[in-house]
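In order of appearance the chains are A, B, C and D, and numbering begins at 1 in each one.
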Amino acid sequence: MDLEHTPEEDAFRKEARAWLAAHVPADPLPSLETEEGFAAHRQWEARLHADRWSVVSWPEEYGGRGVDLFKWLVFEEEYYAAGAPGRVSQNGINLLAPTLFDHGTPEQRARVLPPMASGDVVWAQAWSEPEAGSDLASLRSRAERTDGGWLLTGQKTWSSRAAFADRAFGIFRTDPDAPKAHQGLTYLMFDLRAPGVTVRPIGRLDGKPAFAELFLDRVFVPDEDVIGQPGQGWRIAMSTTGNERGLTLRSPGRFLAAADRLVRLWRDTADPSDTALRDRVADAVIGARAYHLFTCANASRFAAGESIGAESSLNKVFWSEYDIALHETALDLLGPEGEVSDGDWQEGYVFSLAGPVYAGTNEIQRDIIAERLLGLPKGRLAR
Amino acid sequence: MRFLLDDEQAEFGRTLDRMLSAAGTPRVVRAWAAGDPGPGRALWSRLAEAGVFALAVPEAYDGLGPGGPLPVELAVAYVELGRHVVPGPVVETAAAAALMADLPAVAKEWLPRIASSEAVVSLRLDEAASPRDPYGSCGPYALDADAADAVFTVSGDELRLAPGHGPLRASADPARRLFRPSPGGELLASGPVVRESAARAAGWAAFLTAAQSLGVGLALLHRTVAYTKQRTQFGAPIGSFQAVKHRIADTLLALEFARPLLFGAALSMAPADIAAAKVAAGEAAYAAARTALQLHGAIGYTEELDLSLWLRKARPLRDAWGTPGACRATVLDASVPAP
Amino acid sequence: MDLEHTPEEDAFRKEARAWLAAHVPADPLPSLETEEGFAAHRQWEARLHADRWSVVSWPEEYGGRGVDLFKWLVFEEEYYAAGAPGRVSQNGINLLAPTLFDHGTPEQRARVLPPMASGDVVWAQAWSEPEAGSDLASLRSRAERTDGGWLLTGQKTWSSRAAFADRAFGIFRTDPDAPKAHQGLTYLMFDLRAPGVTVRPIGRLDGKPAFAELFLDRVFVPDEDVIGQPGQGWRIAMSTTGNERGLTLRSPGRFLAAADRLVRLWRDTADPSDTALRDRVADAVIGARAYHLFTCANASRFAAGESIGAESSLNKVFWSEYDIALHETALDLLGPEGEVSDGDWQEGYVFSLAGPVYAGTNEIQRDIIAERLLGLPKGRLAR
Amino acid sequence: MRFLLDDEQAEFGRTLDRMLSAAGTPRVVRAWAAGDPGPGRALWSRLAEAGVFALAVPEAYDGLGPGGPLPVELAVAYVELGRHVVPGPVVETAAAAALMADLPAVAKEWLPRIASSEAVVSLRLDEAASPRDPYGSCGPYALDADAADAVFTVSGDELRLAPGHGPLRASADPARRLFRPSPGGELLASGPVVRESAARAAGWAAFLTAAQSLGVGLALLHRTVAYTKQRTQFGAPIGSFQAVKHRIADTLLALEFARPLLFGAALSMAPADIAAAKVAAGEAAYAAARTALQLHGAIGYTEELDLSLWLRKARPLRDAWGTPGACRATVLDASVPAP
């Protein structure tokens, strides 16, 4: 049992650190949830990509460096410690790309991944529908067979990044007669600028258009943009939620850096004898370390050939609640400035508030933890 | 003992509730947040007609209070102002009125206009109270200074009329428009009486903010109950899931135990009682906001839904005119049990 | 709206305070959950009764002073502020007596209440059964008709005070063929020393026999000890849970005094700049005040002729969780002595731990709050 | 990086688990609590045969550690000691072993006997660490002094063998028998090396107590899961109610995020890492006890059920050899981010 890095990992860390020190913008970019900020973040993706830092864990042929999970963790630590910008391409990189690696064709990977890596094509997710939030199996938007492809009709919502993104991916009902709700769904990609697509940006709590509603009226999707077999959409979507993605959706580096920033804020602003605040700052430090080490253990299990399943629900509940607590502490440290909305902590706070809702509400994650990890009986009567 | 609102007080609350429901405050709040105070000022006039601001003004200056402000009635009113997220410096105007009670020259000029809402005013305190700020209520900003007819500032033992203000600093709640008052300005009063008056004003501000918080929390709870009854997932209203029920039950619990603290504070206006009410109402309303957000899911996270008007207000009110930490310290300062 | 006391109430307070100052034992009595302590507490009840302080809210004919709820609250404040002993008769006074006032006959009241008031007869409750904890309607212990009375057979458990008490009350199944589980139950009183009764004391967490198992083998109960009509036991038991009893089960005076003791402990032992502990002590003060004022509001509603129902569930959840938090804070203030088991705080802590379980678990109380106070739908699927 | 137990370490834990399951520790604990250490001492001998105490002793003194104690293996073992509530001064004996590593004369006399469990020893530190006690671990009592073959005390820079002890002070966990060591006694060592050794021993004690806590918490969780699967109320196993599920899920979550902190501390043995593990494991185990008590209902509240043996241990362990407050302070002391 060890936490040692190999000489290669240390060299990789050094290289990443040097590159980031030389390239991370001195001033923070504008919020990526604004048009101006989105463009600036897209440029940053191109800059990362030019030196092969945008998707380090991908194979080299798609723009990556083919590094393993441990080096990815190292990169993430350095990336966030350097105060580098948020990743506008994260929906594509974290959600679509793993699906393509597992279920896509070589042609799809060759066509889709390089422009994703360079930021030329930014992807939005299109999972939810107005009547299907947590209950994803009740999706209604449909894809109907047409010559050489499919026609999408329906409505998607809470599509993150869709206000300014280029393309989107999601699952659609292709067989309305399938015996069960989660059958007859198909995973596909479509163009947000295609005829028949109407994008209506939605302002989140702070007014920034972090997501959008998509109205789809017979939007043509060629067969080449279907991932896996038609009718297998549910299985494909689920198969990548419990694997590495559960681990990589929020990197520990992100929280280690945030906890460091919080400690700095505490030293700069707080009365060190105020133990009530001190304890909360300490809990943020402890939580970041716990999350980092928990991830190291799971990465070690992957490296040893094991897989994780429902454990990713532990991960999700932990980071989402941790993130809110950390930001609440920061706002309390800021005092009267905590209310002012134009700082990094405030933007991070608003962002964190969504954590317990998306990617499966924490209520559902706790059901999964209890039922699948501990074998408690499936719910029957609530009382 | 009759620790209940009397019929007149209860009816006053219901009247305001009806009036504000009919007024469609969300539209007014959105205009206010966008820098158009017109609909808000019109609403203030109607509140003034209902007597809300006159409650904070002594009879001698065209108000309703025989001596000073009427705390129980003000609490009733400010719960409703919170329930309907009425925009503007509602707390600051009443606190300024309390500040002026012992400053006859200032009172004569301003209190009648405050009672009628001819004057909407804001207030900023600096080292307001002696020996220390018992609620942690001193801060750099004056709320809604751009829409106010006057901004009063207290620094040390000097009361001044601010000559202007700095640029807008956006709050997490866009309907709370923050400005730094410009330094200096006309000296309206000075001396120990200003310091004492400012300490009293800080108490009123904390107290009325607690009332406003309670109203915000109650509105968040009731919107969440309504939503979870009708929103269906997995074939059942989400309000039938036990995890949802229990979270809502805890939200109600915290609000219902904050309520008597508020009215208890109204009866004594003692700093420790005000501080207790401020902590409890502020934390309960913020917890109600977290619950509302979680149980509405993504739709709660949008500014389009009117729910956001309450959601965004809960946390700033938790800290405005009294932080939880400072208020807890004040609770204990007063709590010296007999040996 | 006011919190003023009348001159009569002030005079009553003064009288109670003077009596308590003169009579409260200088040294604490031994724990009432021991045989020695039980006897000492029974003597204390007799002392209280001798000067008509044991049941102030009862009519004078039964040993009380006929005072209203406000004076009862005053008495409780003075009682606990004086550091007077715990009430060994509380099961009888708080649970059985209200039932007798509402549903008993004049004969029963005349026979049962005076020796209860004097501590000559100490009552235990006998509600739960091994298979029926929260789910009281599933009770199995039965009462069978016999000449002039009933024969009890079955098993009761978690019978508080039963290790040393004289008599007990509970509900028993008299009609096993009743169409619904909560029908066919009868409320009755029985003698713990009667033939056929076996009392097996059970040690609670700290080993003290705070409750007992009762094995009942054809225990004779005369008709005169049935309360209300046979078959109405469930309705009678429930009718007194939502009324004043919800308010009087834990008096605010008890928590006001406990919070005062906590503040004193904090001033004596803690570093006043330790804001983490200070905040918890402040929350105990705030909570005691909130509970006191909440009770004043409800008492005012009673006085105005209103009734409360499911609101008593708010009360139950609040005081039970408050009590634990208060004692946890005290133990933390005590430092290494917090672990030592022979102090008042430690006994109070162990006692408090049972709060969220008995008198309807807090899980059930929260269901009641959500369903009856807020109208959320009765539970169906847990997910 | 391979932040996983290797096969041998994992098998060591499983072996202890099997051995202790077969040993029926509840009976042993009850005897210990009643003042009969016989069965406990017999169990200690079997643990010594399995190598548990030798892990804390360097090879030079008949132990297993090449240099000093073996932290990963000790963590594995002490999780199992906690899981099976093994009674006695398990932590104190290992911490005393760590204390002696740099005190050759003492080591030579005691370490071989500790490794073999011929000597069961207790320990009390007073101003153990310099400049301050980083875990809040100094206290007046020596655990299980009556059953121990020796009680070591450190005061300032003096290590002594206590000449006796005061009367039993009962703990909330009767299996933790507390005694004040008598003052004075044979001086075994003195000087700065004692102070340094004591600080190191305090770290080991905090670390091993964290491991023990984690084991206690895991046992409480798994007993609660088993109970809620079979206990039926309202016609369903109570483990099917969502409120029960979520509380259990939160319990698992806290324990599973304390576990990597424990093994992370094993790899560094840095005070801040130990402190982090101590807070997390102690709080998680105490929360597991609260959950277990609530979900077992009244039956959980009895001393008759073996569950009580774990329930009563969780809170004392949360504070023993490291209070949450002191440990949080130590976490921050080490956390000085680069400017």
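Heads up, the rule we're going with is that contacts are C-beta pairs under 8 Å (C-beta built on N, C-alpha and C of every residue); 3 or more make two chains touch, one makes a residue touch a chain.
Chain identities (UniProt): B, D = Acyl-CoA dehydrogenase, short-chain specific.
What you are looking at is a predicted structure, and each value in this text was computed from that prediction instead of being measured.
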Among all other chains, pick the one whose mean CA position is farthest from the mean CA position of subunit C.
A
More contacting C-beta pairs: C-D or B-C? The answer is B-C
So what's the Cα centroid distance for subunit B and subunit C, whole Å?
40
Per the C-alpha centroid definition, the whole-Å distance linking subunit A and subunit C comes out as 53
Which positions in subunit D are in touch with at least two other chains?
234, 240-246, 325
Two-or-more-chain contact residues of subunit C, please, as numbers and ranges.
274-279, 363, 366-367, 378-383
Subunit B - residues contacting subunit A, complex:
139-141, 169-174, 176, 178, 232-234, 240-245, 293-294, 297-298, 300-304, 308, 311-312, 315-316, 319-320, 323, 325
What part of subunit C is in contact with subunit D in the complex they form?
128, 131, 133-135, 138, 157-158, 202-207, 211, 274, 276-277, 331-332, 335-336, 338-342, 346, 349-350, 353-354, 356-358, 361-363, 366, 382-383
Subunit B touches which residues of subunit C in the complex?
1-6, 9, 70, 259-261, 263-264, 266-267, 275, 278-279, 281-283, 285-287, 289-291, 293-294, 296-297, 299-301, 303-304, 314, 317-318, 363, 365-367, 369-371, 373-383
Hey, which residues of subunit A end up touching subunit C in the complex?
273-279, 364, 367, 378-383
Would you pull the subunit D residues touching subunit A in the complex into a rising list?
1-6, 9, 72, 225, 228-229, 234-237, 239-242, 244-246, 248-250, 252-253, 256-258, 260-261, 263-264, 266-267, 273, 276, 279-280, 324-325, 328-329, 331-332, 335-337, 339
